[in-house]
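Which chain is which? They are A, B, C and D, in the order written, and residues in each are numbered from 1.
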Amino acid sequence: MTTTRRLRGIYCPNVVPLDASGEIDESELRRYVGWLIDRGIHGLYPNGSTGEFTRFTAGERRRIIEIVVDETAGRVPVLAGAAEANTRETLAACEYYAKIGADAVAIVSPFYYKLSPEGVWAYFDEIGRNTPIDVTLYNIPMFASPIDLDTARRLAGQHARIVAIKDSSGDLPFMRSMLEAIRPERPDFSFLTGWDSCLLDMLELGCDGGTNATSGVVPELTRRLFELAETGRVDEARGLQESIARLFDALFGAADFPEGFRMGVGLRGIPVGAGRTPRSARDRAGDADTLERLRALLDAEELR
Amino acid sequence: MTTTRRLRGIYCPNVVPLDASGEIDESELRRYVGWLIDRGIHGLYPNGSTGEFTRFTAGERRRIIEIVVDETAGRVPVLAGAAEANTRETLAACEYYAKIGADAVAIVSPFYYKLSPEGVWAYFDEIGRNTPIDVTLYNIPMFASPIDLDTARRLAGQHARIVAIKDSSGDLPFMRSMLEAIRPERPDFSFLTGWDSCLLDMLELGCDGGTNATSGVVPELTRRLFELAETGRVDEARGLQESIARLFDALFGAADFPEGFRMGVGLRGIPVGAGRTPRSARDRAGDADTLERLRALLDAEELR
Amino acid sequence: MTTTRRLRGIYCPNVVPLDASGEIDESELRRYVGWLIDRGIHGLYPNGSTGEFTRFTAGERRRIIEIVVDETAGRVPVLAGAAEANTRETLAACEYYAKIGADAVAIVSPFYYKLSPEGVWAYFDEIGRNTPIDVTLYNIPMFASPIDLDTARRLAGQHARIVAIKDSSGDLPFMRSMLEAIRPERPDFSFLTGWDSCLLDMLELGCDGGTNATSGVVPELTRRLFELAETGRVDEARGLQESIARLFDALFGAADFPEGFRMGVGLRGIPVGAGRTPRSARDRAGDADTLERLRALLDAEELR
Amino acid sequence: MTTTRRLRGIYCPNVVPLDASGEIDESELRRYVGWLIDRGIHGLYPNGSTGEFTRFTAGERRRIIEIVVDETAGRVPVLAGAAEANTRETLAACEYYAKIGADAVAIVSPFYYKLSPEGVWAYFDEIGRNTPIDVTLYNIPMFASPIDLDTARRLAGQHARIVAIKDSSGDLPFMRSMLEAIRPERPDFSFLTGWDSCLLDMLELGCDGGTNATSGVVPELTRRLFELAETGRVDEARGLQESIARLFDALFGAADFPEGFRMGVGLRGIPVGAGRTPRSARDRAGDADTLERLRALLDAEELR
């Protein structure tokens, strides 16, 4: 095993601020990264689903990682989303992110085409054999080919460079099965959840942390939940988890994902600009009400 | 209306031959294009789902269109798959494909994220307002956000530059509803089916043609089916449709889509090389049998 | 083979009129049966999904068949829905319906529990080995365990008493595959469609008829469609199919299925009473508008 | 509120032993009930999904409740599955079960037809207004129309006689939302989980108990898990939950549900006979291996 410590804590799948012409707003992105670190986020996870990686060009995806790694400057680890069009491009991204100082990468299971479990395995097997940087498997069955239990187990058993799985299914029995199947053989393997409304339950189960969209809006709360869970203050944690679940539902339901999370970040004082996917006038008609509702939820948390 | 004639006939969603190092094999791609045209294909449709557009880089996607347009040299129309990471990139592709002489583009509905109908509409509305080239909506609900009836109707009513829909659901009642809703207002609007095992039925219903993966393997048959349907020789067409359905099922089931269609093209004498998505030894173990079975099916058709 | 003629034509899955206390309204049911036969229905299909078989007790289901068989008095064949709680009860119903003069039964695939294909096969195999009356397999994957191609083929090959399949998936390629797989071996086997908006297409494909909910509302139209298809007057048939599809969509969408079809029957002058499943005030608030819209659609057809 | 204490603990959805001719084996059912009570089950839940309620006739369903109530003789509460063909029949069952001494009923959401949320509400509203016995809503979205959050909240707020929900989705965030929405207004309302592989997590979340299929096979373990959770011995409980999850997966995967649970009960020494749904020779071919594997899992638990 090349890794002695597991990935731990809350990695923020940060949204990307855009300027008036729709370009990456580098200065706001840098400010946002600092803001997140100041509020105690344990790591950054640029180019995640919340970060709309598919809506940027390959060049922009690299630029986003460059900015985040540079701005982070080693204060917290960076888990770089590295999925590209095919294994060769993905491996090239892995190499580049290793070179510029990312700590690990996360690679979503192949999407668009629905691959069989054997095809999913072959994809990650090729990556596992060639990556120069630690890899987190990213399972998000609502958007991409599912990584099933047997595939995760095989990959964890075969590749020391595959060091974690991020699961966004919110399926607790599935996480339990993965922990039971993989942890005895790979005590260094990390389990992260991407489903915010059961973050506490997953931590109680033995997960090492999460990559949670709400952590980009209320990093104070997700971090505090993690710490309460870590120190066994479960009763306090339960109340906080309810708040986070309520926020998550509201942000998730505010608009087509992940636009609601962009709204939430904007409400915290980071101008994020209009998203990359057009929204109709009909859709935007409800925004004033939505923002008011989200603001009320945020105010109720007495942040800062 | 800027278009007076509808898109008609069978547009081949061609696979892309790759060389031993996984690069686009330009000479084989050119040879394949000629081979298809010689066998009577009505149009080319590069960068479709069968053409694995998501597994190429943005630069490679442009290169594929350049080669196909150049090799076709006006002998048949080219419908260029133009979906990119976001509306701006997609529109840039539209402009480029218009400039180099493509006849129209096809744009798949947004994928990965599942958009609401209103989000799908807004995406195509933005494209419809800015495209310099005719646009075919591409509905493939098994892989991408569905384009529903109302969305298709609104877009057809609002944008003269949106001139067709390609539907790969195989849902005949849905196609009937679209024809009924759109054709009276837009007699120039074209309806294409991407589901080969009901091609004849869709033509009988009033569709203008298809973009059918089997046409890349047996262009002689799909063309002949179209001509039989066009000339009312329905009985002959029925037998042929059964053959095509049988082939489609076999090619679709041979491996993770679209690998079976690549195998089929190889069996016709066009070396396509290994695909871009890795396949495990376990998967490949059955290939010899699969190829034999496919070969027998092709032989039974007495092609050439 | 014990059957020399295939089941043919349109079998009406009749709704069941209820009186003010929610009981079967025998006199209206008898009048409705006569009304349907007068308008040219080819057969009756009591205890289908449109007939809400699951919402009646086992005793009431028998009573419904008794009434329909008696009232029909041999004028048209009766296909009796015979699914009960388990194979023994279902077989007892088969025996009873044979005894009282039903012509055949239709048995829906097991529901509630989702059975594997092998479980579906075993269920119908047991029935096929013991039934004293011809059996129609009833495939309705939106409500019950699907009957797949291989299962249908095995059952057709093994049991002479299984003489037909009624498929309500509306999946034309699936029907094509079944026809191709079963018809050569079982020329006496009948294929019926339960999806009204592609009835013509299914007849063109080679189906023998349908069990169509709209036939309970507009028996004149479904019968005429069948006759036009039978005599090759396809152009006239197409226009009629569009009307039927429009009606089907409107009746299907009017309320939770099959309440809209009950409304439709009521609009034709058969009092059907309130359905057996309660409807909220909120739901019923739209009924006046819905009925007006349905009435307009029916009026447009100039029935009678 | 008529109820001052919430339903609590593990209610066993008992399977029904059958004799050689497929009839209810009353003496074995009585012995089984006693065996379960001796091993500490907190309550009985006859006519649940594990009890195959749909595969019995209405008369048999009543007989099963009679036997269980009689044999239990007040030692533990009986939660009687009471869903029948329609609201009137269901209410008649409620009355009968109240009369013979059941403590409460559980009523599954309407199935076969997929009802809209408003239709589901109307069904339970009718029941809530007329039932003479406490009602548990039963949500099992894999088999029946889902009961969504808003519907559960409305019903809990409107009907004092609706006192609990049993949720078999295994969706922890959904349970969290229900608890948060309903508990403040209805402190007497009980939340039970039917998904055994997250029983502990649901108890930690605040659930009152479960209706768990594994409790029919290993009542000692599910009861102990409940007690460990209740007394805050979470570490011990975690190991036990892993065992139960492993057993649940094995029993669930052994055959079409719930046959594997019947096998498990048989292995504990209660002859259950062949199930009511036929199984093919091909299916049964693996039974010897399956039984051996299940036996090994049970032996590993050192029961008794």
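In this section, contacts are C-beta pairs under 8 Å (C-beta built on N, C-alpha and C of every residue); 3 or more make two chains touch, one makes a residue touch a chain.
Predicted model only: the values in this text are computed from it and were never measured.
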| request: Note whether the interface between chain C and chain D is symmetric in residue numbering, meaning over half of all numbers used appear on both sides, and answer same or different. | output: same
| said: As a quick test, compute the distance in whole Å between the mean CA positions of chain B and chain C. | reply: 37
| Of all the residues in chain B, which ones touch at least 2 other chains? | none
| How is the touch graph of the chains shaped: line, ring, star, complete or other? | ring
| query | Which part of chain D faces chain A closely enough to touch in the complex? | reply | 170-173, 176-177, 180, 195, 197-198, 201, 204-205, 234, 241-242, 245-246, 249
| chain A - residues contacting chain B, complex | 22, 49, 54-58, 84-89, 110-116, 118-119, 121-123, 125-126, 142-144, 256-258, 276-280, 282-283
